[in-house]
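Note that the chains take the letters A, B and C in the order they are written out, and that residue 1 is the start of every chain.
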Amino acid sequence: MSQSIKRSAPASPSSSQPLLKEPAFPIWLIVFLTLLLYAGAVYFDGHGSGFHPQVYAPYSSYTQLADLQITGPPNPLEIGFRVYHKPSCVSCHQASGAGSPGQFPPLVGSEWVQEPEPGRIIRAVLNGLQGPISVKNQQYNNAMVAWGGVFSDEEIAAVITYIRQNKDWGNNAPAVTADRVKAVREKIKGHPGPFTADELLKIPAAD
Amino acid sequence: MNYGPLVFLTAFVALSASWFGFVLTPQIQIGRLTESTNTLNTAELYPKARPGQAAQGLQVYRANGCAACHTQQTVQEGTSIDVYLLEVGTNAAAVATALVNANVGFTRIDDPGFFLNLPKNILPGTTIEAAKRAFKGAQSAGAKAQIRINPQGPDIARHWGVRGSVAADYLFDQPVMLGSQRVGPDLSNVGARLPDVNWHLLHLYAPQQVVKGSLMPPHRFLFNVSKAGQHPSPDALQVPPEVAPAPGYEVVPKPEALALAAYLVSLNSSTPVFETPMTLASSATSTNSPAK
Amino acid sequence: MNERSSNQSAATAPDEISLSCRGPLVMLFLHAAFWLVAASVLALVASLKFHSPAFLSGCAWLTYGRVHSAAVNAQLYGFAVQAGLGVALWIIAQTGRSPLPHPLGFIIGAAVWNLGVLSGIVAILAGQGTGYENLEFPFYSALLLFLGFLVVGSGALLAIHSRRERSLTPAHWFLIAALFWFPWILSGAYLLLTVWPVRGLMQSMVVWWFGGNLTFVWLSLVGLAALFHFIPQILGRPLHSRQMALFTFWTLLFFGSWTGIPSTAPVPAWIPALSAVMTLLTLVTLLSAWTNLRQTNSGGQPLPGNLAPLRFLLFGLGMFQLAGLMRIVLSLPVLGHITSFTWFAAAQIQLQSFGFFSMVMLGAVYFIFPRLMGTGLSCTKAPLRHFWLAAVGCLLVALPWALGGVAQGLKLADASIPFMVISHSTLSFLRVSSLGEVLILVCNLMFAMNLLMTTTRCASTFFLPAFLAITAQTPKAEVKP
């Protein structure tokens, strides 16, 4: 190797001065590379999950993943809970049900949610709600999207039951059945767009 | 130093090694995925190919480089495990004793109001072993409990998704556009968050009207502004007065806009899969609800 | 006339080797300069969208997503690879002490390449891009790129094969590897994305594999080759250590080719973990290149008239380190999760492709061009002015992006801060960076004008009399219909 260097040195245009001697290779670079290799190996051992195709971050092993596969008995409010957190409702009304001032009214303690007859709240969820609304004597003004085309009658019933009976929020109103949602869906077929609060108030709650 | 062939060989070996590692091996592992059953609802297959209009919308998304500003991947940073007490049964004292005996750090026995207001999270952020012990203890004492697995992370807390994204979520897309910049919000689950096609159409036409302060450029070239005439188009967009065209004119979405909106609505990765266990936000049609 | 004297070393008449390079290199460099200007115009348009979202939004061709990827691709394929090829040909011809064989072949290859770039950029703006990052060109454009590279690259390999000076320099190893590397990765990626398309996330795996191998390995191979060749030549002293250069070379190939998978990628956990380890290991590549070139440079004085090229090269070396470190930060598990998806990642790309690679190429072109044309540059003071403008412009783009990106990432990690607040907080950083984009556009224009005027002056000196002599003989036959 050293012979070839000497031979090449005078001819190479990059070395117009004669090359004296190839300096010794810095040993610290090798030591540093070894340390990095060691650290990398330790890290990969902990996070590489043995090359398993089903283990994604943040999990680190298949056993950990298999341990977490749990299906328990369904909670009566579980379906509603899942629909609420899909995230459909939770994006605006928050997990706490508190909404956001001026824009999205709260569900906690709301008189709209807890009406004994659920006719109005079902309509609002099915077709959406547009424009100003007064909840707990506060004004809110924004648009709620229509969920009727997204969820089945069972799901709409479940999520309305969930918000009406959520004890963490202090709400307590009768459950809503899927048949009731189905009946309301039939009645509002001639009303394609979102409701306004005034329109809803004109409808008898029991309808 | 006349090692031309050696340089060639070194380069070839180095590049092939990385090709075997990062192309061939993953192809064997994730390139041959197929639809499989949903972990919580075995009647539902996941993933499903997008319906025709949404598949066309994917091409509109590609053509306009939407991926320059939007990612489509929810990052999961961790998992929290909770135990919910659903019903306490007839003997609250026995349940409390069982929970204490399960040795899960449960000490709330002295509070008489503790078993009111169920369902309640009795062991927030515990380990899976402790959760299983508590679950067994509560069941043996006649109570109903449930272990909930909640994926965690800022993306999930922002409701951009309900679990970390996995390879199966992208199986039928061509091209897959994960994106690498979050100038705008993540869209991996936007169809679950905003399922209204009209919302998306108006948002494409006039983003700032729908989302105050949005940085998104309006995409008016996806719409035709034409004379309403005798027979207004049934597809015409209801636009707020601030951005409405001159009287007598209407805003009609082009097929591209309708396809793009259909695609955005079809972006939904909230189905539970084996790779990211979770209890929340599974398909609500599962469990025991009757068929439609 | 004082131009000539200040550029004395360059103004000597070109020898046979430089003359053989003239046609191909002028072709490559002028087109590269054109794409550099085009890329900076497109980047500026994209940047101005952050001052007003509605800016030029009525036209589908100028929507942000299209303009942005057109800018990235014009910079990568129009400028970086093309200028890299030109510099590679020069180094190969000069160190091998043999003229380039078949100059016309190189010109045809370069023409095919530029046709590929042009069709690709138009396709992206027309909405025909593929949607894969760094691979947005449609298949037909990529095919032209592949053929163009094949012609130029095999010509370069022929030149290496027929060299008179048989010993290979460190720059040679890097260039030989780069000449094979590019067609391999380009064909590998397009075959798996369009000809036999892979499904689902495998597309992203191929894109990441290609991206790492192009933006890190290929750019570093060519950029380091230029640094290892030109810094010793400008200083008139040998490279400090050839063994260390060999070490840089091997670690770059073996570790660098495994990088590029983002730490947040939704693929099985071992893939980003392995990529993170390999990216960390590229630290030794950075350190060995830095130590070697710094030792070569320390205490040296550039040959007269070569201060500006040296400045470009040393700035490029510094940015190579900085971009490499930022790349490591992006791949690490915790830091990477904060910085990915933010403007920090964009800053890293900017430093890698402009701060490091483009600056090294610009320095090399400023060194090569006078020797190539046998006359001084049209404006001899321009290179130094260009250097300062470009350095300030590059940092004015990258630093606000990097700082804004870190702030953005920290806020994104806190879910209690609304997303709208975060995106608005990045705006002031983005608007400062527009100023940098303007500076970069100005100095790219200076560069292109300088090359163009030098070429036309040379052409009028050498070719115009010949051209007039030819046309004078047959004017009547052509004019009459």
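Everything that follows uses one rule, which is that a residue touches a chain if its C-beta (ideal position, glycine included) is under 8 Å from a C-beta of that chain, and two chains touch if they have at least 3 such contacts.
Computed from a predicted structure; not experimentally measured.
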Set of chains adjacent to chain B and to chain C: A
Most widely separated chain from chain A, with each centre as the mean of CA atoms: C
Chain B-chain C separation of Cα centroids, rounded to whole Å: 38
Rounded Å distance, chain A centre to chain B centre (Cα mean): 6
Approximate Å spacing (C-alpha centroids) for the pair chain A, chain C: 40
Residues of chain A engaged with two or more neighbouring chains: 4-5, 8, 51, 53-57, 59
Where chain C touches two or more other chains at once, by residue number: 167-169, 242, 266-268, 274
Where chain B touches two or more other chains, by residue: 1-2, 29-30, 77, 164, 166
Touch list for chain A against partner chain C, complex: 4-5, 7-9, 11-17, 19, 22-23, 25-26, 29, 32-33, 36-37, 39-41, 43-44, 47-57, 59-60
Contact footprint of chain B on chain A as seen in their complex: 1, 4-5, 8, 51, 53-59, 65, 67-79, 81-83, 85-88, 90-91, 128, 145-147, 149-155, 158, 167-168, 178
In the complex, chain C residues that touch chain B: 49-50, 53-55, 57-60, 63-66, 68-69, 124, 127-133, 160, 166-169, 172-173, 176-177, 180-181, 184-185, 188, 192-193, 197-206, 208-209, 213, 242, 250, 253-254, 257-258, 261-262, 264-268, 271, 274-275, 337, 340-343, 345-346, 412-415, 419-420, 423-424, 427
Contacting residues of chain B [partner chain C, same complex]: 1-4, 7-8, 10-12, 14-15, 17-19, 21-23, 26-27, 29-33, 61-69, 71, 73, 75, 77, 154, 157-158, 164-185, 207-208, 211-221
Contact set on chain C toward chain A in their complex: 94-95, 97, 165, 167-169, 171, 229, 232-233, 236-244, 247, 251, 266-270, 272-274, 276-278, 280-281, 283-284, 287-288, 291, 295, 333
